[in-house]
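Just so it is clear, A, B, C and D label the chains in written order, and each chain counts residues from 1 on its own.
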Amino acid sequence: MPVNDTSTATVATNGREIMYREALNEALREEMSRDPAVFCIGVGIGDRGGSYRVTVGLLEQFGRKRVIDTPISEASFTGVGVGAAITGMRPVVEILFIDFSMLALDQIINQAAKYRFMTAGEGRVPMVLRTQGGAGGALAAQHSQSLEAIYYHIPGLKVVMPSTPYDAKGLLKAAIRDDGPVIFLEHKLLYMTKGPVPQQEYLVELGEAEVKRSGNDVTLIAWSNMVLRSLSAAEKLAEEGIDVEVIDLRTLVPLDANTVLESVRKTEHVVIVQEAVRRGGVASDIASMIQQEAFDYLDAPIKICAGKNTPIPFNLRLEAACVPQEQDIIQAVKNALRHQQRRVPPP
Amino acid sequence: MDSKQFLSELYRQLYTIRVFETRCIKLYRQGLIRGYFHPYLGEEAIAVGVCAALEKRDYIISTHRGHGHCIAWGAELKRMVAELLGKETGYCGGRGGSMHIAQIDSGNLGANGIVGAGIPIGVGAALGSSIRGDDQVTAVFFSDGAANNGVFPEAMNLAAIWDLPVILVLENNHYAVTTPIEQVCRTRDLCERSKGYGVESFTLDGNDVLEVYERTKAAAEQCRQGKGPVLMECKTYRQMGHHVNDPGTYMPKDRLEYYLAKDPVKIGRKYLAEKGDATEEEIARVESDVETLLEEAVQFAKDSNEPDLQKFLEEVGSCQ
Amino acid sequence: MPVNDTSTATVATNGREIMYREALNEALREEMSRDPAVFCIGVGIGDRGGSYRVTVGLLEQFGRKRVIDTPISEASFTGVGVGAAITGMRPVVEILFIDFSMLALDQIINQAAKYRFMTAGEGRVPMVLRTQGGAGGALAAQHSQSLEAIYYHIPGLKVVMPSTPYDAKGLLKAAIRDDGPVIFLEHKLLYMTKGPVPQQEYLVELGEAEVKRSGNDVTLIAWSNMVLRSLSAAEKLAEEGIDVEVIDLRTLVPLDANTVLESVRKTEHVVIVQEAVRRGGVASDIASMIQQEAFDYLDAPIKICAGKNTPIPFNLRLEAACVPQEQDIIQAVKNALRHQQRRVPPP
Amino acid sequence: MDSKQFLSELYRQLYTIRVFETRCIKLYRQGLIRGYFHPYLGEEAIAVGVCAALEKRDYIISTHRGHGHCIAWGAELKRMVAELLGKETGYCGGRGGSMHIAQIDSGNLGANGIVGAGIPIGVGAALGSSIRGDDQVTAVFFSDGAANNGVFPEAMNLAAIWDLPVILVLENNHYAVTTPIEQVCRTRDLCERSKGYGVESFTLDGNDVLEVYERTKAAAEQCRQGKGPVLMECKTYRQMGHHVNDPGTYMPKDRLEYYLAKDPVKIGRKYLAEKGDATEEEIARVESDVETLLEEAVQFAKDSNEPDLQKFLEEVGSCQ
């Protein structure tokens, strides 16, 4: 029986640290070993082991029937995943970059997301779509987008965005076991990051945020790669006496509103950090939810620290300027706290 | 199954689809059916021939013009009519309607409102069978218009390179809404599109239920032998416009008459009479049985409840 | 010289009332007559005159070279529009339902939206993508979506959603003249609605909201079909002594934040009405912007009245329950005002 | 243009691409170029042959492996290198990089990071020409992998039914990253995929610049006559891995050696020497001229400024 828990602390790691991509690889191996219905399909995942080496070794272990290299036919192999899922399989479809998933959105939005609903619950699409987004490394406008907001808006889809190896593994396993469909979004800058991952099997349930750092002055909400940057910003701010609580949403849908609201009611100040462009992003939605549910607790406007409103440029300096950096987050927190001071009458 | 019984069964199906569509068009005109309704009139032999040649364990996947596929696959008329009327007792509890009817437990994976989208989904069902090692075939229905959606060649190629047991049933009724196929295709036969993918294909008379049946039988056999997909282009014609409300005035009279003369239901009736040696009386009995069943179905649907609003809202509210 | 103005009042209509779809038709005719670079392309727009009869008569007037019926190849004919636009044409691409535009998103999001940016401003994509969304008439889950939030989130796209025949005509003409790309979203329930449209040529500039009803108690923000419902809700509320200001955004990108904020600072109460599902919708973004820019003016949480979190069901009663109705809007306004009362100390 | 001058020009182009790629790979290894870099080494004859056969008024559209197309179309080396280095003076001011280089005013509509996406865009350029009545041809470059994206058949069909002046230049280098074409295609020749769309197609030796040139000339002529698109499948092979960092160990040695022996630059040199009667000295002069130009370009790029951050932020800030 896997431990069904949500915090890194509970399962002893015995000092084992592995990379995010290795954690994902373990999740796939374990689930494929456990359940013959699970299979992987995508471009370059078999012989090549995946562009980011997440699926390395799976072909050798599970064979060509269950680790399927496809032609560059994103729309169709995603649709193939949907069809296999409907008929009892548990496909893990990989699309190399979230940017390319734009080719497959009919199958995701019109088919996978709606099938269960349209069939009044008779149909199920236990499919995981793994893909990867974010800026980093001068990959330019068509290989750097943060597009989770598109999936977030579609009823019927779950959206997962882990930030640590521990969460990546536990959430991917849970996603594969979920009735789905689950959009599982990785970040290209996270694959090589390391963290503790226990030997023992465990799951991280979908829909549970984690307070990755507790604090009293301001609630900082982030997901995916922005969690790491937010945590280091929080350490810097601590040196200046600002005590930041960092919440890692981990799952965007279902959203763990309780954890968020509880923290907001405590700190009365909120910063949401998002790599995606601000307009129409997930941060806006969370802000709108908070102002509705905790209006009387807010001492200052919710501050959103987000990507610039532009496609990502090739040049590395410009690229960096388009995405929240540690310094931007620090500034956002200070701005969030400053508003309050304006409202306090001078002594 | 002896020939007479078999031909009688085929005819029963053909006739059922015919009267189902005709009757439901009336319900539509009476305002009892809403939304889109794309009649299958004139194409009945394809659904009936294909489904008769498959096994219970197989899969089919359908289109926006899908009532015929459902019926030929064995759907209950009462749950069909109920769904068209948006009732709780319909196959999708009134959530789906004409364009989304499915009967998953039987292997009918459902209609689709997106032209062409069912093709990769069908190929995926076949991939599942292939992974499991199950001896199942998937028949994917689609029409000429869908052949212009890029997922048709894409998904056909996937089926080809993985030798998947898929029968691509191209119901070429020569129109996508009002667009004649000649306007959007340089070649005469759409099945030529499979050649560049190394996929066997052929044309056939889609109004002749026995021809459809025989060719499907052979195609299914090939699929089960692991030889990969087959594309069957069934030439046919709609007997009316694209949609209930489309008078179809753009359809040339002589073409329409040519196909009306080759009416698939009449052909099926003739087979039953001539090859099946059925008497006029026996045939009339089949017909009246069907009519009775259909009237019961209509009554059932009319008597059924609308979906419960409160329950629906609770379902929705509990979803993230 | 067309009158370049933004309010219905300025241009005399001499009592002429035409339908929304007729107004769009006039816009296309006028722009095609004016500029030989403008052409229309889509499924069934020529011989059939469009599913909603917007393009009726264009083929006769402009011929097959400029009114092009296409096969069911949404991804490619949208891409064809992009290519034609890059090389000097001004295509108006029609996709029958916004649901089907999911097939073309690579061309819209990865190509059209980014081309100008990636070429450092050298390239231009003066293309209009016309499509149509919303629920109505039992068209079910794949023909009823409100997906403007997807386009709204993508830098490089403009998004227009007119609610009246007057705006539809003036905005479509402006969109065609714009450097683009412009996503022009119509609503299936609006095509047959009538309104005053002057004989004289005029444009409605992109990026200007209009106060369609002024009021002092609460700011109600809406777009597309929800404007009509909001206006009638406002009339009902007026009978109860609640004075609602109704702002029609008309263009979502660029967003006319000034008009919105000015109103909010006056009324101190906000309701945003959106047909799309709430999660990740445009309303959330506008709410987050308002709470940031006018935090100290808000007397109550911003209330969002949105579609239910579900694909649209076929059954008409269920369908109606999924989309804000007049009664829901009335209730939302009352709720927005009620919060205030809780904060006022009892006398 | 007399034959010697013409062959010399072809060779100059071939050699330019060759040394450009080789030099820039060095810059990549030195960390001066970042992001993706897909070398065109071994495929030079296709870009050069195709572009030489077109007119200045024509259009080309390129791919992620696009440096060769740009150079053959006449791009300035210094602005090319500058773009790869992400400099302000690059063709896209450092915004685009290798995968998005375009030179729109010259008719090069640009590279693309989405495999296959350029195909409909190119067809759109041709549609524009056709509407305007301009006598322009559009050459669309793409490789075997892109032929599996549904937009290839979709867009080819559009070009076919509207008789658009499009040359579809399929650079079959037999790989999509590490995926060999045999693994994702049942047929030997990808050009067979055009048959089902009524589009003329043929294979040719993509390493032979004169063959590419001649066949393109003829195809362009057909296009200008209003006969619609032509698909040319140019057989070729990469001389290294997919990407600068890909050692390409999966490429069978004998295949690689076969193609290395058929090196397009060597073939072009031989043509110049034999058909063009150029002396070794003359050829060496072409080569050294190219090398000088390239070194100047590299220096120019290195000396150029990074894009101005403040200006960039203002641009972005002013956008909605």
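Rule of thumb we're sticking to: a residue touches a chain if its C-beta (ideal position, glycine included) is under 8 Å from a C-beta of that chain, and two chains touch if they have at least 3 such contacts.
Treat the numbers as computed from the prediction; the structure is a model and nothing was measured.
Shared contact partners of chain A and chain B, listed by label, are C, D.
Chain centres computed from CA atoms place D at the largest separation from chain B. Distance between chain centres (mean CA atoms), chain B to chain D: 46 Å.
Averaged C-alpha coordinates put the centre of chain B at 37 Å from the centre of chain C. We define each chain's centre as the mean of its Cα atoms; on that basis chain A and chain C are separated by 31 Å.
Counting partner chains per residue, chain B shows two or more touched chains at residues 92, 94-96, 100, 112-114, 148-151, 154, 157, 161, 183-185, 319-320. Under the contact definition stated at the top, the residues of chain A that touch 2 or more other chains are 70-71, 73, 75-76, 99-100, 103, 106, 110, 117-118, 140-142, 155, 253, 279, 309-310, 313.
With chains as nodes and touching pairs as edges, the resulting graph is complete, every pair of chains being joined.
Within the complex, the chain D residues that touch chain A are 34-36, 86-87, 92, 94-100, 112-116, 145-146, 148-150, 176-179, 183-185, 250, 306-307, 309, 312-313, 315-317, 319-320. If you check the complex, the residues on chain D that touch chain B are 148-154, 157, 160-161, 183-187, 190, 192-199. By the touch criterion stated above, chain C contacts chain B in their complex at residues 43-44, 47-48, 69-76, 99-100, 103, 137-143, 279, 308-310, 313-318, 321-322.
Chain A makes touch with chain C in their complex at residues 75, 99-100, 102-103, 105-106, 109-110, 113-114, 117-118, 140-142, 147, 149-150, 152-153, 155-156, 253, 276-277, 279-285, 287-289, 291-293, 295-296, 298, 300-304, 309-311, 313, 339, 343.
Against chain D, in their complex, chain C makes its touches with residues 36, 39, 65-66, 68, 70-71, 73, 75-89, 91, 106-107, 110-111, 115, 117-123, 155, 158, 207, 253-255.
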